[in-house]
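Next up, some structures in structure tokens.
Two complexes come next, and they have one chain in common, chain A, joined by chain B in the first and chain C in the second.
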Partner chain A sequence: MIIQNFNHKMAAHCESGTITSLLNHAGLDITEPLVFGIASGIFFGYFHSMKSFAFPTFIVRNKPGRMRVNIEKRLGIRFSTMDFRDAARGKQALDELIERNVPTAAQVDFFYMDYVPSWERVHINVHYLVVIGKEGNRYIISDAYFPKIVELEEASMEKGRFAGGSMSPKGFIFHVDKLPGEIDYRKAIMKGIDKACFSMLKIPIPFLGVKGIRTFAKKIVDWPKFARDTEHLSHEIMKINILLEDQGTGGAGFRFMYATFLQQAADMVGKPGLKELSGELMKIGDGWREISLFSARIGKNRDLGPDKLKQLSDMIYDRADVEERFFRSLSLAIK
Partner chain B sequence: MQKSIEDLRLEIKILIMSTLSIEGLDPAQVDDDKPLFGGDNALTLDSVDAIEIIMAIQRTYGIRIADQDKARQVISSINSIAGFIAEQQENALVK
Partner chain C sequence: MKENEGFVDYPEQQMILYVEKDDGKYGPMQTGSYLSANYMDDYVYKRRNLEMELREQLISGAISPVKYYMVLEDLSLSELAARAGVRKSKVRKHLDPKQFGIVTADELSRYARVFNIPVANLLQVVLVNVNGSFESNLILENKAGNISVDHASTKNPYVALTQIEERK
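Up next, the complex of A and B:
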């Protein structure tokens, strides 16, 4: 059986896309950029802990799972969530929800989603998709990363839901339990923006927010010290492009998606100044895209001398400066 | 006046070749329909080239392809790039 009237849509990002799909199906007319913005999805963090990461890395969005929690709080939606130690119980719970015609989001390791070509599959334990039916031993899936509805064997789903490692899914599933009678979008948008500005400007930790961008700029010239050899370094430098452009960021490390959110939010909260700031953020995103391109190019050409890393560092410092100004203006715009 | 689609296709091939510093390839050898990625076109590209082309399109035509799913579809062949640019230019004229 397949749940009727579920509208499969591609999305820029799996988590915001999955939440948007579930909310749309439940009857809430909301876009992915609005979900992303209200959930304060935009962020920056630079991490270099040899315990957790084999090599320095960065994130350009808030912590996986946080978008759902923030949307729940700010829009007054109730999601029902479950995780499992036992795979059989996890399967049973999912199957029962599908039987009851409840589209259900699942957290999986992307690697086991074998409807995706093998060369595109990597181990990411925080991929989200929506299960919308089951035929025999095959689940019917709406994956925002994929252009059409697909099928997945039970065995692959189980491997994906119960993969081990860092941030393992533990069979996590969620679905919309209850929508509120009325939603105060203005309040939710303002809160979402306020929290995003706080995260980017005021967290007193040197590797988070704008401070994190500066740490990234400062540390990148030291990356050769952590690499095994030139091949490894070039791979890590090219990964900057992947993290900014390729992992469902909507382009330029989510900056374009957040700009679209501000554009849409401007009319909803009656603050036309947000449209101007949206344009500004698009230009800031272009600068991140220049960083993507530069990293991809020097990585591909193995052109990784100190002058090139210094140039990359300067470009990143420049993003820190413009983002600091931008988030200060955004913070003032909602006062 | 808008360029014909044939002129636009040729312009795109030249733009891609100059952006990626590809020499010694006759634009006529590049198939308009065949995939630019992972196929057997005379011009084959990789994911690093993709971001170069997206930015070259933005610089040359003032068209930003922000969404990467859209970008994947747009830059899949010469025809798809030409179709997208022509459509965007037409929309801009209507506005």
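Up next, the complex of A and C:
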């Protein structure tokens, strides 16, 4: 069976896309950029420790799972959430919800999603998708990264839902329980922006927010020390492009989507200044995109000497400076 | 970014990009991946080289099968240990080809589950002859010209059914 009237739509990001499609199905007319912005999705974090990651890396959004929690709090929506120790119970709960025609979001390790082309598959425990049906032993999936509805075998779903490791999904699923009668969008948008500015400017940890962008710029020149060989370094440098563009960001490490949020929010909160700032962020995003393209180019050409890494580092420092100014202005604009 | 600047024609990997439309409004546009459209050949080249290099080390006894898959799947030692539910100190031993022999069948099946491969593949490398040279079926992804190699799991967690057939 397949849940009728579920409108499958591609989205820039799996978590904001999943939340948006569940809310749309429940009857709330809201866009992905609004979900992302209200949930304070924009962020930056640089992780140099080789404990959890096989190589230094960075993130450009807030902590996985936080978007749902923030949306719930700020819009007054109630999600029903469940996690499981036992895979059989987790499967049973998911199957029962599907039987009851409830589109249900699941957290999975992306690596086990067989419908994903192999070159895209990586072990990452925080991929979200919506289960919208089941035929025999195959789940029917609405995955925001795919143009069409896809199918996934029970066994692969179980591996994905119960993968161990950091941020292990533990079979986590959620669905919309209740929408509020009325939503104070103004308050939610202001809170979302305020928290995003705080995260980018004021967290007193050197690898988070704008400070994190500077740490990234400082440390990238050391990346050759961690690489097995030139091809490995080339792969990791080209991954900068993947993390900023291809891994569900809407382009430029979420900066384009956040600019869209600010443009939409400007009218909703009656602050035309946000429109101007959205244009500014779009330009900042263009700079991030230059970093993406530059990384891909030097990686492909194996042109990874100290001068090129220094050039890349300078480009990243520049993004830190413009983002610091931008988030200061944004913070003032909502006062 | 303007709409016409962002579009990439690459149906194999579609994504959503937020762009500036003609009317000045920002919104989503479905497009292809720039990186995959322009650099896929380089990715495949590097991946193939990495597999060949690791396979040489594996066959010569310089690394263990666990290390081979751990590097190929880009996992750190801590992450692999947490995912497999095997103590880090043990994983460290299993990475060493001289100590790999202490691994138990249960631990092998835990690793195989993480790597998403049949247990048997931790003790063998499946190569397929393509145009006169042998290549890893892992890299070929079972898309080699006229030979199909399918590993199916069975109810016995330690046994996989490997079926090799000529493609029609």
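Here is the rule we go by: the second predicted complex is superposed on the first by the 335 of 335 C-alpha atoms of A that agree within 3 Å, B and C clash if a C-alpha of one lies under 4 Å from a C-alpha of the other, contacts with A are read in each partner's own complex, and residues count from 1 in each chain.
In this section, a residue touches a chain if its C-beta (ideal position, glycine included) is under 8 Å from a C-beta of that chain, and two chains touch if they have at least 3 such contacts.
Note that this is a predicted model, so its numbers are computed, not measured.
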Requested in this report: Would you check which partner chain A:300 touches, where first means chain B only, second means chain C only, and both and neither mean what they say?
Outcome: both
Query raised in the report: Which one hits more chain A residues, chain B or chain C?
Result: C
Report task. Please work out whether A:256 is in contact with chain B alone, chain C alone, both, or neither, and reply first, second, both or neither. Result -> both
Query raised in the report: Is A:290 in contact with chain B, with chain C, with both, or with neither (first, second, both, neither)?
Result: first
Requested in this report: Examine A:159 and indicate which partner it touches, taking first as chain B and second as chain C; both and neither are also allowed.
Outcome: second
Report task. Answer with first, second, both or neither: which of chain B and chain C does A:118 touch in the superposed model? Result -> second
Query raised in the report: When the two structures are overlaid on chain A, which partner does A:231 contact: first (chain B), second (chain C), both, or neither?
Result: second
Report summary line: Note: overlapping chain A surface for chain B and chain C spans 10-12, 238, 241, 245-246, 248, 250-252, 256-257, 259-260, 282, 285-286, 289, 293, 296, 299-300
Query raised in the report: What part of chain C is in contact with chain A in the complex they form?
Result: 1, 6, 12-20, 25-28, 30, 33-36, 38-40, 42-44, 46-47, 49-50, 73-76, 78-79, 82-85, 113-114, 116, 141, 153
Query raised in the report: Which of the residues in chain A end up touching chain C in this complex?
Result: 10-12, 32-33, 50-55, 111-112, 117-120, 122-123, 144-147, 155, 159, 163-166, 168, 231-232, 234-235, 238, 241-242, 245-246, 248, 250-252, 256-257, 259-260, 263, 278, 282, 285-286, 289, 293, 296, 299-300
Query raised in the report: chain A touches which residues of chain B in the complex?
Result: 47-48, 51-52, 54-55, 58, 64-69, 71
Requested in this report: Over in the complex, which chain A residues touch chain B? Could you list them?
Outcome: 10-12, 238, 241, 245-246, 248-252, 256-257, 259-260, 282, 285-286, 289-290, 292-293, 296-297, 299-300
